[in-house]
Amino acid sequence: MGAAKSSCQGFLHYAFDYETPKTLVVPSIAAGVVFRFTQLLILLYLVGYVCIVQKAYQDTDSVVSTVTTKVKGYAVIKGSANTSSPQFRDVADYVIPPQGDKSFFVVTNMIVTTNQKVSHCPEVRYFQVSYCLLHVVYCVAMVSSWPGVRTGRCVNYSDTVQTCQVLSWCPLEEDTGPNKEALIDAAENFTLLIKNSVTYPKFNFHRRNIMPHINSSYLKTCVFNSSTDPHCPIFRLKQIVSDAGEEFQVMAVEGGVLGILIDWTCDLDLWASQCLPKYSFRRLDDNNKSHVLAPGYNFRFAKYYKSPEGTESRTLIKAYGIRFEVIVFGTAGKFSMLPTLVNLGSTLTFLSLVSELIITLTQLGELANPNPNPITRTAS
Amino acid sequence: MGAAKSSCQGFLHYAFDYETPKTLVVPSIAAGVVFRFTQLLILLYLVGYVCIVQKAYQDTDSVVSTVTTKVKGYAVIKGSANTSSPQFRDVADYVIPPQGDKSFFVVTNMIVTTNQKVSHCPEVRYFQVSYCLLHVVYCVAMVSSWPGVRTGRCVNYSDTVQTCQVLSWCPLEEDTGPNKEALIDAAENFTLLIKNSVTYPKFNFHRRNIMPHINSSYLKTCVFNSSTDPHCPIFRLKQIVSDAGEEFQVMAVEGGVLGILIDWTCDLDLWASQCLPKYSFRRLDDNNKSHVLAPGYNFRFAKYYKSPEGTESRTLIKAYGIRFEVIVFGTAGKFSMLPTLVNLGSTLTFLSLVSELIITLTQLGELANPNPNPITRTAS
Amino acid sequence: MGAAKSSCQGFLHYAFDYETPKTLVVPSIAAGVVFRFTQLLILLYLVGYVCIVQKAYQDTDSVVSTVTTKVKGYAVIKGSANTSSPQFRDVADYVIPPQGDKSFFVVTNMIVTTNQKVSHCPEVRYFQVSYCLLHVVYCVAMVSSWPGVRTGRCVNYSDTVQTCQVLSWCPLEEDTGPNKEALIDAAENFTLLIKNSVTYPKFNFHRRNIMPHINSSYLKTCVFNSSTDPHCPIFRLKQIVSDAGEEFQVMAVEGGVLGILIDWTCDLDLWASQCLPKYSFRRLDDNNKSHVLAPGYNFRFAKYYKSPEGTESRTLIKAYGIRFEVIVFGTAGKFSMLPTLVNLGSTLTFLSLVSELIITLTQLGELANPNPNPITRTAS
């Protein structure tokens, strides 16, 4: 019975005794000052860097976004204004694709080849040499010449020059590079409306770039300006290009890719109304012409026609222009228990190791003259 | 030699002595109960919140996804069914772009202007005032009027009204807003097939929304319903819109943007077959008409024709409709060593600080009556 | 005054006394070896796993990217080469959409239905049964038959077969599946140029897949090969498909979706020049034909024509082909203070708990023979 009582007591002791480490209190002012100073530094680091700069008490989420765009404006093609047949182009003609995607292309320059039909014609040569006259074999060998499939015949390209005959859409495009001045130079005055809706799914937070508190009549007339009108969703194309550090009329000649970046980085612990889009602009293609492959931006597309007899013809357009890409990115943060505990806990751990190291070094300096009467006490 | 032996012993002591803090065992039931209770709380927090709710033992990755879509259905344009020339439209006519992207537009209403040619014509006026008769100057000044470039002449728009002449695609579009009832109202019965393939590159995990275990004959006839058929990849457009809390025929008049959200949030530590897509639907544009800029969703596109004589004409279509956006998001988690150690370690640290604080407060209450005989022992 | 002095001393003690736990030094070689060995393991884990494998000292960011593409090549449609009207197709004809998006479709096979007009025609039947002759009611009931709206009349489809009359684009497409051999088989030799520009916004790091240090004349002639030319941005379509483990001519018949994955996972603490794209290829649609819904990839689009009298007709093309999707992903890491402290601190905490557990177990083995003279000292 004594043994039973004893083992029961042992269990109670095991279960409910509270242990606390014995500590020595070192009444040294030097060590104490270093100790408190280190604690102060740790506190400053925690408040300043961990909490304020890194916001380590927040859980984060990445933005999910939708963008629709609408371009407005029209242009008379350069040089055609005073002719008998001025060429007028509007939004349905020069924005590709037309449906208002987040990535769209505005035609600023072009090479048009009208009335092409699938047939046989001589290759285009930019130098006046009849290279195939004595080398008909040459026409057969290189079947993969750019414009089409060689038939093996050598035919008259002009009165003096003969070239290989090809099967292709004829007449072939005469591509001597884009016009030195952009044909649709008025494109710089086109306006662009961007509607952007974002969601942070983890926080069930939705927001649009056209804010409800913004005056409706302001929205109808404003034009974006990074300093005076930073929340107007209507942009002038020339302004976008110049904010990206480029000149519109230069870029319009060979084309390029221009990024419209919308940054939705938000601190959702603040007032939700502080979560506003920040627009910036950057040229995305390489305009270092010395080494670049296929500089600028262009592509070919065709319009198809049918004659009353049923033969198909097409107008081939090599379109140069600026491709605008609306790129939405951002991270939202909101207070959450777990990252707070994780970040504070582990930062404290690491820093307490550092502080102990400092104190140990201080103590080493005092070892020559050890304190004679340390006080023992329990503390936690 | 004695000194050498002594320094060697010193090194051995330094290298292999094991230090353990001396602790006081406080045989106080009150302190012990609080101590164990705090430990229990910490354990519950770790298991419940950190492990089960936050899954802090997992490494995470964001989804990489591809979507292809296919719309089926046809419609007879409203009001044309019983006329001599009924207008029939199928998938190739009303889905833009046609190639099955994750974002596509279904035309539901339109304003068609046929046989436009680049020429001169009077501006369209919706009120019966000949504003330019006495103010020819006015026609020249505002060269950037919407429809085209003003020539400076004042011409007859109707028998009684005169307006400025413009160079444009003529005749001009008479845009008095969309039809009050959607012209392609049958669009609500069109079906949409979504094929979605996702990857979590960090875990080399691939999955499709059409699961291999789903019966093939079921797939051919099913229609998505969030409660009865939540994994059928075929959607009825009307159902999508109504699940987003909107009415199809109302939305079809002015158009809008509708998000089809696919949530692939997965716990890859569970059976992989539990990783299933969750579909939800949300209207993405602002339908608060009181303050919105350009409500609804519309854009203009053209079909180009050529007469036998070579003059180009176009049919301009201002298309109103619903743009569907398939938005795929999600995060997958899988057990990983590092986050487990980081999260458990730091949570333990932080909570042990908290528990010590509680215990210290308990001890303060006992200070008046300190335990007379604490037991000293070494423990870790 | 003595009390004041005493309380002042108390405060000073509280503020500047430094406490350090008393420890027992256990001069046991066994415990000491285990203790140091455990410390070594922790060190190895920290250096090897946490620092080198997981790079836990880094902050991370997700890639933001833009892609433009350009396809080159032409083809003569199979079987038409030696006829009187060979059919030639180039880039403007077979790449949809034409504007060089990151997702584009190359037509490899097709069913063409020319000269469709909205009118009445008999339904197409692939079996020779006049199903409607005795069941005119049947034609009315199923108004939602695929090709169009049934009029209720039963008309001659051929000399011997009668089918329901429909209102649709007539003549109807006779869809008996794609050609068994791809019509544009030459598509395998088309080349694809990919221009990809990436940004890690958090680190203000920009990079292109066409690196400045790569020789410009090399770029003009190279073709991507995963082992010999891994950084050439020009791809042969056949090579892409075969690197994905598929055969081009097989895939070309019914079409499919092919992912071109560009991995920009980068360690920005290393030389920036080491941050290079890694290309890989994977088929994204399900080619397990036994259970799949709508295998392959195809869509319908139309070209619209107008006769001189103004009636509209269209050529409907059901295009089969390969949709290429350029998918850019990646995470960049760079040294940052906070994750270093968090990860090291908490890993140390967790592992020191583990090490204490091991040591306690070791001590239990020594309890039978307790060390008679432990040395008490203060240490941190």
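A few comments on the model shown:
Just so it is clear, A, B and C label the chains in written order, and each chain counts residues from 1 on its own.
One rule holds in what follows: a contact is a pair of C-beta atoms (placed from the backbone, for glycine too) under 8 Å apart; a residue touches a chain by one contact, two chains touch by 3 or more.
Protein identities per chain, from UniProt: A, B, C = P2X purinoceptor.
Fair warning: this is a prediction, and the values are worked out from it, not measured in the lab.
Put simply, chain B has to spin 120° for its C-alpha atoms to lie on chain C, with the angle rounded to a multiple of 5. Judged by shared residue numbers over all numbers used at their interface, chain A and chain B contact each other through mostly different positions, with under half in common. Here the CA centre of chain A is 18 Å from the CA centre of chain B.
Within chain C, residues 21-22, 62, 97, 305, 308, 342-343, 345-346, 348-349 each touch two or more of the remaining chains. Interface of chain A with chain C (complex): residues 21-29, 31-36, 49-50, 54, 56, 62, 96-97, 103, 105, 118, 144, 148-149, 167-169, 257, 259, 261, 263, 284-286, 288, 290-294, 297, 299-302, 304-306, 308, 310, 314, 316, 323, 325, 327, 329, 342-343, 345-351, 353, 356, 359-360, 363, 374, 376, 379.
Of all the residues in chain A, the ones that touch chain B in their complex are 13, 15-22, 62, 64, 66, 68, 70, 74, 76, 85-88, 90-93, 97-101, 115, 189, 193, 195, 197, 201, 208, 210, 212, 216, 219-220, 233, 303, 305, 307-308, 313, 337-338, 341-346, 348-349, 378, 380.
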